[in-house]
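By letter and in written order, the chains are A, B, C and D; residue numbering begins at 1 in each of them.
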Amino acid sequence: MSRVKMIIKRMKVKNELVRQIMGEVLGTFVLLLFGCAAAAQVKTSRETKGQFLSANMAFSVGVMSAMYLSRAVSGAHLNPAVSLSFCVLGDLAWIKLLPYSLAQILGAYLASGLVYLIYHDAIMEFSGGVLTVFGPNETASIFATYPTDVVSMQTSFLDQVVGTAMLMLCILPLNDKRNAPAPEALLPPIVATVVLGISMSMSANCGAAINPARDLGPRLFTFTAGWGIEVFTCYDYFFWIPLVAPMVGGVLGSIIYLVFIQWHLPELEDESESEEFNEQTKEERRVRANDREYNEKFQYAVSRTYNLYIINIL
Amino acid sequence: MSRVKMIIKRMKVKNELVRQIMGEVLGTFVLLLFGCAAAAQVKTSRETKGQFLSANMAFSVGVMSAMYLSRAVSGAHLNPAVSLSFCVLGDLAWIKLLPYSLAQILGAYLASGLVYLIYHDAIMEFSGGVLTVFGPNETASIFATYPTDVVSMQTSFLDQVVGTAMLMLCILPLNDKRNAPAPEALLPPIVATVVLGISMSMSANCGAAINPARDLGPRLFTFTAGWGIEVFTCYDYFFWIPLVAPMVGGVLGSIIYLVFIQWHLPELEDESESEEFNEQTKEERRVRANDREYNEKFQYAVSRTYNLYIINIL
Amino acid sequence: MSRVKMIIKRMKVKNELVRQIMGEVLGTFVLLLFGCAAAAQVKTSRETKGQFLSANMAFSVGVMSAMYLSRAVSGAHLNPAVSLSFCVLGDLAWIKLLPYSLAQILGAYLASGLVYLIYHDAIMEFSGGVLTVFGPNETASIFATYPTDVVSMQTSFLDQVVGTAMLMLCILPLNDKRNAPAPEALLPPIVATVVLGISMSMSANCGAAINPARDLGPRLFTFTAGWGIEVFTCYDYFFWIPLVAPMVGGVLGSIIYLVFIQWHLPELEDESESEEFNEQTKEERRVRANDREYNEKFQYAVSRTYNLYIINIL
Amino acid sequence: MSRVKMIIKRMKVKNELVRQIMGEVLGTFVLLLFGCAAAAQVKTSRETKGQFLSANMAFSVGVMSAMYLSRAVSGAHLNPAVSLSFCVLGDLAWIKLLPYSLAQILGAYLASGLVYLIYHDAIMEFSGGVLTVFGPNETASIFATYPTDVVSMQTSFLDQVVGTAMLMLCILPLNDKRNAPAPEALLPPIVATVVLGISMSMSANCGAAINPARDLGPRLFTFTAGWGIEVFTCYDYFFWIPLVAPMVGGVLGSIIYLVFIQWHLPELEDESESEEFNEQTKEERRVRANDREYNEKFQYAVSRTYNLYIINIL
């Protein structure tokens, strides 16, 4: 066995960022595989093997599973809006925002491809072989999100801002030692429940992407797989809304949490009490410490601008 | 960063009651945003993107999220009937009952407004632009609660008394160290499950408000937003029932818990054992101690009346 | 306040059995209130405000709530079949079986009455004022359970035996320190999930009472409230099946657990390890010890018969 | 009582493998009883007493219940694909793979038989007495899984590989001390949630068996109970796919977890820290140690071949 162990050891990825990217790719892959496969199941079975609610629930199970899978590796952001929020909060190095986001989009793209393979026969049967964005036999909405006919651009934008703000506002307290947090080891199902809540209440207008990677990855896949450029041009170039609005909403929700709740919570009295509540693994703390260090260097370089920016928005 | 920190420090709200009000406003806002948005999603999609059950579930997720958000700040009552019950139980200062209730109504009002903005296009499409309380295209029930045609005033009143009594009867043991309580850090999802149970079993008659703020806030919003005075006058001025009946029911449920269960539970033997079970943060204990002190002063002033009152009802 | 405290102290029930009876009455009341109210909501709204699944879920929430409410007082059996099983297992004094069962039936009866009051208007509207057991407007099934037209007596009996056996087989390991038990403080939601599972899989034939009190209490209520003697005579005197079969099934399931799993689990090595896992309150242990003592006295009196009986069935 | 205790002691199964087989038989029996009974309830009630989702949920409850029942005895694999994966991972002796699998198939067979007994009357009514695999009154799908008409052999195979790979990929991190695991005592409901997710998203094509025993046991039962040889020959001998594809998928998912996540996680620093996280009972550790020992002996015998095999696939 020693030879096997040696091989494993040699294959161990030493670079932290590479490991984190692997974690985000695989995590987002799992999230989207559950989510898009459920959408395909509901759509192609014409709601005989599931309904809107079961697709929401499957996305929620995807969140839970992806978080257990990769949060020790990468924090399981699974969402560029979450990564951006953690950058603003100082918990992720700004320099990692782009790689994280690209990893998430890649994971979403790959999952879409696999869902297409699994449901190829059913999609062909359902759509009569015509891959389209419109009409009763459209199948594009299995992958990316699209608005209803009646909703305006501004409302869609607001909808995505509010949805993602709710996401950050509701998940930040879950892990805040100064608040009354959820058990560390049960964060994944509780975060998943929040996501389920958002899907059940804010997905009527434009599908509750609240996650640029969850939307762009599958959209790119459908573009390359035969649905054509319409996936980008339809609904008056709607596609940019689930890319931009969640970024705005995530930061907004984080700031609301800080300003209205977090700043006013009592400080943890001493390190020993903090330890008591602290169920993070050493690794997590090390990574987080690393990220804070990166951030401090980065912020040093842009400190004046950054300080002014923070002061302005707060 | 020191400048930012200084600003944060200066913005920290020192007044406990102001912080608690902020907590209740934001908590009730989150509760109602999930709840009313889900009702809007189900209604305006004509049950294609959710059904009665999913709206119940979204309200339940709202309870969970709001509790994690604000219970370290304000106890996350989110409901004047709960606040009143805690006053009667001696866990909230009577002097705080009104500010708490107003904060909850304000949070509910603001959430209704935001739901209206997000679902404006869909509501206009659904209702044909006519905002009304009656008929197949009514949209008032997205926000406040309304009775069915067949239910009488007395039954509605009883329904709300029983629903809120069940709420208090089922959530008081969850946090009672002398009983067999739920894990402190998992109270929010368990309370949310109780609320889901009430929605699934006692909402057929008049919508299971069991919460004056959850009902009055949205009703006031619809009144100001174009549904008109009908939201108050309809169904023979039904609106007072979800205001008054839950207050009665909450106190009744609390008393039933005290009289039939709590009084007969064994005392916690000593402080050290009590500590063992005590997972409250120091802050929570401090606030509760403060409230008890307030209450004692208040009760001192009205002691004879109050004593007689307690003796009479028990 | 001292006068109030004195009154409370004087009202404290010293007799253990009386307290336990109060716990079982209130617990079963809560269970049935959730369950029957949900059945009434689904039925009288003609499935517009819930469906079969939501009624199952509400029963499950009732189990959870009732367990948190009364398990520190009475163990929260809520079911004569469970009480009988615990008698056989030696965890409940045989002498308490009858009082427990009567308390459970009383709680179920009272809850049915309250559900009838709350849903009186809706039931009258739905049934056209005719309270009957048969036909499309029957309302008896809101309360007690009834078989389908196609199911035979023998199959119904087997169905109830198997359902209750599954109940005991699935909940006994949850609290067995020699097995891999669930967290003590989370037993109520997990037991509730098991009950939900049984409702979703074994209620098609005759309604999954799996609980004589859950069935007889409401049946007695409907008998006294105007549905008439038909609630007992219908379907060829079906009513005895949910009384007898669950008692058989509960004991059978317990024995299967003992014979196939429990006997073969390793003994807990020493008291200190046992303590480590032991999260029961002192009170629970005291009551259980009392019950074992009672049982030993009782068994002494009937020891030869009892021993032979055990040997025969095992 | 001493005579009873003696009898119990004499009946205690000393042979570890026999105990494990009993655990797997009973566990898989419970899993399938919930699952197939729910499918029978939905099917024979023509979706009036449940729908596709509730059958998925009942299977999930079955997973949870079966895991609590038998994981201290046998690890609660309940699935030959899981057992094979644990063999590859070195946590189950290869020599036990066949007995485990046969036990699982036996448990599934017995459960199918009992479901048939319980739902005999309803199945006869539904099918008009004709037990068949095809047509609107088919009842074979209550037991085993069958593909849709449109799905090809290759897609079915891929579907089952992906579904089972997702299962292993999502449950391995839950119990991995080097990752951020779920609470040991709550593994059953979390694994059950993962299985629910797979049922809601990957069961449209061919029923999401993801478990050879879950499929073969019931199929054998229907073969012997009157559905005839068609259960094997139909859909172009489809039956081999849920036997073979899950075995491939389980191992594939395990390897993906190892290669992309586990190898790169930090080592647990020392034994004491490992102990801290280690909530396994002594028995579990003993059994696992035994299995590792078996495996080492087994691997010694086939060491060259085995090493080469591992090296090749990794």
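In the analysis below, contacts are C-beta pairs under 8 Å (C-beta built on N, C-alpha and C of every residue); 3 or more make two chains touch, one makes a residue touch a chain.
This structure is a prediction, so every number in the text was calculated from the model and none was measured.
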| item | value |
| --- | --- |
| Other chains in touch with both chain C and chain D | none |
| Label of the chain whose CA centroid is most distant from the centroid of chain C | A |
| Chain A and chain C, separation of their C-alpha mean positions in angstrom | 43 |
| Separation of mean Cα positions, chain C and chain B [Å, integer] | 30 |
| In chain C, residues with contacts to at least two other chains | 51, 53, 183, 186 |
| Chain contact topology (line, ring, star, complete or other) | ring |
| Touch relationships between chains, expressed as pairs | A-B, A-D, B-C, C-D |
| Interface residues, chain D side, partner chain C - complex | 1, 3-4, 7-8, 11-13, 19, 22-23, 26, 30, 33-35, 37-38, 40-41, 44-45, 48-51, 53-55, 57-58, 61-62, 64-65, 68-73, 114, 117-122, 124-125, 183-186, 188-189, 281-284 |
| Chain A-facing residues of chain D, complex | 52-53, 56, 148, 150-152, 155, 158-159, 162, 166, 169-170, 173-174, 178-183, 186, 190, 193-194, 196-198, 200-205, 256-257, 259-261, 263-266, 269, 299, 307, 310-311, 314 |
